[in-house]
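The two complexes that follow have chain A in common; it is paired with chain B in the first and with chain C in the second.
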Partner chain A sequence: MTTTAPPRTGKRTVRKDHPGAAPRTRRPGRLRRISLPYLLLLPALVLELLVHLIPMVIGIVVSFKELTQFYLRDWSNAPWSGLDNYSLTVDFDAPVGEALLSSFFTTCLFTFFSVGLCWLIGTAAAIFMQETFRGRGILRTIFLVPYALPVYAAVITWAFMFQRDNGLVNHVIHDQLGLTDSPPFWLIGDNAFITLLVVSVWKGWPFAFLIMMAGLQNIPREIYEAAALDGAGVWQQIRRITLPSLRPVNQVLILVLFLWTFNDFNTPFVLFGKSAPASADLISIHIYQSSFQTWNFGTGSAMSVLLLLFLLVVTGLYLLFTSRGRSATDA
Partner chain B sequence: MRRIRVAAVGAVTLSLVLGAAACGGGSTDGSGSNEQPKTLTYWASNQGSSLEVDKQVLQPELDKFEKQTGIKVKLEVVPWGDLLNRILTATTSGQGPDVLNIGNTWSASLQASGALLPWDAKNFEKIGGRDKFVESALGSTGVQGQDPAAVPLYSMAYALYYNKKAFADAGVAKPPTTWDEVIATGKQLTKDGKAGLGVEGSNLSNNIHQVFVLGKQHGADFFTADGKADFTSDGAVKAVKQYVDLMADAQIVAKGNAEYSQNQSLSDFAKGKTAMVLWQTASATFAAQGMKEDEWGVVPAPVQSGAPGTGTSTNSMVAGINMAVFKNTKNIDGATKFVNFMTGDEEQKVLNKAYGSIPPVKSAQTDPAFNTPGLAVLRDTLAKSASALPQVPEESQFETVVGTAVKELFADAAAGRPVTLESVKAKLEKAQQQMPKK
Partner chain C sequence: MAPPKSFLVSRLVFLTLLTGFVLLPVYVMISSSLKPLQDVSGKFQWIPSGLTIQPYFDIWKTVPLGDYFMNSLIVAGAATVFSVVIAIFAAYAVSRYSFRGKRLFTVTVLSTQMFPGILFLLPLFLIYVNIGNATGIALFGSRAGLILTYLTFSLPFSIWMLIGYFDSVPRDLDEAAKVDGCGPLGALFRVIVPAAIPGIVAVAVYAFMTAWGEVLFASVMTNDATRTLAVGLQGYSTQNDVYWNQVMAASLVVSLPVVGGFLLLQRYLVTGLTAGAVK
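Presenting the complex of A and B:
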């Protein structure tokens, strides 16, 4: 134990040996040690500032302004409108607020199902892939294809497949299997929600799969072997060993999936274009339409700020509860 | 030393950040300059069947301009769906092209942003005067009583295109001229998986064009005289219901049309799946899809009764493309020269022939090439019975919210849900309340 002295102890020894010289020669080293992490962080901080913080502050400022086409060219001088944008946004009896609220609930429902299914399929596939079998490598690669494809190309292909008259989906379920009386619409009307969910889960579950596989690698095989010796079946092993061990991984995975899904813009935009059907009117598209289609940037910004607050609160509560739960189980 | 370096990095960072913030503030300097007299950037809207076709049409003309003036024009053809957003971004950042195409219905909206060079008498003089253009085309270049924000480049009008063979097969002697006849003829033609009429139910702009014309026929304008949104007047409600009823009630439109937004109705027409379509200058598209010119006929778009004319016999909106100059261009003289070139007789003939549109320039319009039976219908419509969409700053929002309302009503009709005066009015009420408060 004493032979390999930790650096701190060593430092003190040196200082004792050369009391006068030590501060002069060591100080730059210490400064370097102290400033190095900040220097390394600096590029990220600068980018964070440029990419996130400044637009965010501008967004908050705009949410208090009356920014329409009349002030677009000189938007920093648009007149202040106080809380008007916010009161319009949260007036749930008027169409703007009502539509926002309905879009919010749609987004919540969509996020719940999408994250739930992504997690379920990802976890099941990861557990399944723990077993070694012939063709496992190929299968694993195939599973990751949706995650590797460019979003636009993948989603536009789905949009073609979901077309009512010429799409592959209706060709299979209506023409070939005869499951429906008439070919259903998938890109307009109520079914649009299902369409969105299918594409979102298809796109999202490989990420859950990837993270879960990484998590599973960290569980020592011996625990399973011991459990098997004690007579635990596969299901019991999953319930008592796999899932509890994956808890920290799950905590991050679900949070990330939640944030991505809740804010997903690409999928509905590519599927439905500028105005999504009411059943699939996700909040991101809704805000886009309020800002860029009706040129009401102030109201759109107010909606964005409210969304940000909501996500901050939900994330905070989630982290609070999950980490509290974890420390309780750890103890 | 190190501290100084850290401080230096900090200072550079801060200046970068402030610089970026300042850039974001948008350039607010007044009118253009002549700092870069040798180049121009031109955003052309996508007029041909593809971006490539547009480049092939435009590049030789731009080369001609370079030979004449020594000014090199950098061309970018912008897809229709992206154009408005690109213009908005260019407006806020101040980093736009020098010359650009805009949809003529956006003129007043973009005029309100103050980003476009106003065409006052002095500027008009540089391109041959205001009188060089057809009056109806000038009607959609900005708010009335103000200097136009753009000049007309290509003019178009709606007409009824019909498939001659389908008509002959069904024993229909002559194409319809009124809506009642459209429905009666449509019913005769709707059979064996074929539909009488095609629509683009999910295309917001097209929805607006159609219901605006029907609105005119019912005496409604969608905006009051002082420019306030008026989407729920009886005439407006009737107009929207009449249009959606072509699918919901008359059932001469196939249900699948409710999700069309990429000109699929034109493909259906070219393939013989639908017998009629109401469209603006569609001949180039039909030709591109392999249809021969003698296979289709063109007649004026229908009215409620009588002959097309102004007022309640309006049968088309004034469709077309305008050309505008960004106010903060660094080559203002070159930009004006370029507009003059593109609206000159020779270019007008070349370009409008290539795109199947009508020249909004009087002298070019007299060319025999624009006097074919098909184009004569469009030319007459523009001259006699077309109305410009409301020239109000909120026009662009109107397209979005009312266009969406019509799209949703088509979705209802396709799903078999009833479309009633009440449901139409409710949708339009909601649309109106989404308009920004002035």
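Presenting the complex of A and C:
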């Protein structure tokens, strides 16, 4: 059967020997050439539809339904409730809305401090490591460890360190330094906010460091040399050259850090479990709890939709603002 | 010109403190994993009174860690393979062709990356319940169902990062391949993919890492048989006690595959991660 046909793998060499030989018989037609990009995209499109677009449409539909555990098996037949879920969610005098609002403010405050500290530490580390020195490569590798460790393994270790009776933190501040009268609780109560912040910064700053290192590489060395000739010291160079040059990188970095931190579920979930203390009740955990603990999917979906709208508005405003800022400085 | 003393001292102090902060949990993880249970249950000790490797044997018996390991491996591995293979085709189309709807596609891919996972969790849960009711196929709790949910985050960034890598492969190369008689797919697999191998490996490692560390979907979409490491590690706490030495040993064991892969490939990974932000 196959003896008469030339071996497939030989085709290329044959053609190379005879440059004028006719191209492959199945020459792609016009239609095929136009549709080729779409054929290539097809698998991705189908999956995007399946995992993103359809779920989002369902999420929006469900937010207008009265979906409690009684209708879970047959949710598409759950009764419509109009805007009830939304009015319940934004009624800030009633328990549901009040809890959501307080969770929203907690998340904003947490995001502000976490992003700020990640940015500060990451930028400082990148600037200090811009010049080569002995041990720089090893330090760089060490600094990437928090980024590489699986969230649950790293955060569970922090949870152990913050245990009241057998943790490292209380051992140091209470037993060794004697700073407190009695060992404080770190995973419940108001201190939980600080705990969450420490862990989040530990996990998040290496990303800022990475991006900043890459940004610094793009600054031409000649500018520094010229500045040094003009008598500018290292600190002056950092203030006048390094920091202004990092502005475009900063804009992307801060947006990405904001989205990650604001949406973070893993860190609080591993630290505190299914219900976080009020001081550290981030919005993702709050929606999770409203949906899967009380099985009220309608309100949970309404909260998700509101969260999405908020993120879209903030991101849109931020992009508008920063691109305006950029074109203004360019002009 | 040597930097002034004030700069050198600040650098030394800052980098020393930061190294301490970064390595503190690593030290706690390693040292506590080698302590007997009574040591980790009492006051913390910087220097262990006695060392034991018993926790490393016990972790496999206290909870079925081997099964969880297998589940994580299958789910993270499959999600990685699917997203990278599908992303290769999509990224090739975006990188090399102009077509109607290209901008819409890239904007959609980019924006789904910023949506929180919780947004997709509820609807996917409902879809799985529905499919289960209609066809009897139990997606909820199955590995296949979990793999599909992991594509919500691994597919967008695989596409996004691969577009960047493919753009960095010179167009002359695939033009030359086409002159030599390669079709579009031939050019993709004979020229672009081989040239972008470091990038593809980096994307795969990154996708695997992210799936390996995922907690949200794993905690809702798994049952006893399909539980992954993310949920399984919680099994070391009982009503009365938490086996902290075993928790730490298990954390170290489950971290090794991804930390090793990351550190080996960090150069490529860092290029890919930072390319989009810095350009």
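Things worth noting here:
Simple rule for what comes next: the second predicted complex is superposed on the first by the 284 of 331 C-alpha atoms of A that agree within 3 Å, B and C clash if a C-alpha of one lies under 4 Å from a C-alpha of the other, contacts with A are read in each partner's own complex, and residues count from 1 in each chain.
By our rule, contacts are C-beta pairs under 8 Å (C-beta built on N, C-alpha and C of every residue); 3 or more make two chains touch, one makes a residue touch a chain.
Since we're looking at a predicted model, the values are computed, not measured.
After overlaying the two complexes on the shared chain, residue contacts for A:275 are found with chain B alone; chain C is out of touch. Looking at the shared chain after the overlay, A:241 reaches neither chain B nor chain C. Look at A:158: by the touch rule set out above, it reaches chain C but stays clear of chain B.
When both complexes are overlaid on chain A, the residue A:232 reaches neither chain B nor chain C. More residues of chain A are in touch with C than with the other of chain B and chain C. Within the superposed three-chain model, A:189 lies in touch with chain B and out of touch with chain C [touch as defined at top]. When the two complexes are overlaid on their common chain A, residue A:197 makes contact with neither chain B nor chain C. Contacts of A:76 after superposition on the shared chain: both chain B and chain C are touched. By the touch criterion defined above, A:215 lies against chain C but remains apart from chain B after alignment on the C-alpha atoms of chain A.
Look at A:144: by the touch rule set out above, it reaches chain C but stays clear of chain B.
The contact surfaces that chain B and chain C form on chain A in the two complexes overlap at residues 28, 38, 50, 54, 58, 72-76, 165, 292. Across the complex, chain B is touched by residues 28, 31-32, 35, 38-39, 42, 46, 49-50, 54, 58, 68-70, 72-77, 94-96, 99, 163-165, 183, 185, 187-190, 273-275, 277-278, 289, 292-296, 299 of chain A. Those residues of chain B that touch chain A in the complex are listed here as 2-3, 6, 9, 13, 16-17, 20-21, 24-26, 28, 81, 85, 88, 91-92, 94, 109-110, 112-115, 201-202, 204, 254-256, 258-259, 261, 393, 396-397, 400-401, 403-404, 407-408, 410-412, 414-415, 429-430, 433-436. Touching chain A in their complex are the following residues of chain C: 1, 3-4, 6-7, 10-11, 14-15, 18-19, 21-26, 28-29, 32, 40-44, 82, 86-87, 89-90, 92-94, 97, 99, 102, 105, 108-109, 112, 114-124, 126-127, 129-130, 133, 148-149, 151-152, 155, 159, 180-181, 183-184, 209, 212-216, 219-220, 229-230, 233, 244, 247-248, 251-252, 254-255, 258-259, 262-263, 266, 270, 273-278. Residues 12, 15-16, 23-24, 28, 34, 36-38, 40-41, 43-45, 47-48, 50-52, 54-56, 58-59, 62, 72-76, 121, 124-125, 128-129, 131, 139, 141-154, 156-158, 160-161, 165-168, 170-171, 175, 202, 207, 210-211, 213-215, 218, 228, 233-235, 249, 252-253, 256, 259, 262-263, 265-266, 269-270, 284, 287-288, 291-292, 297, 300-301, 304, 307-308, 311, 315 of chain A are the ones touching chain C in the complex.
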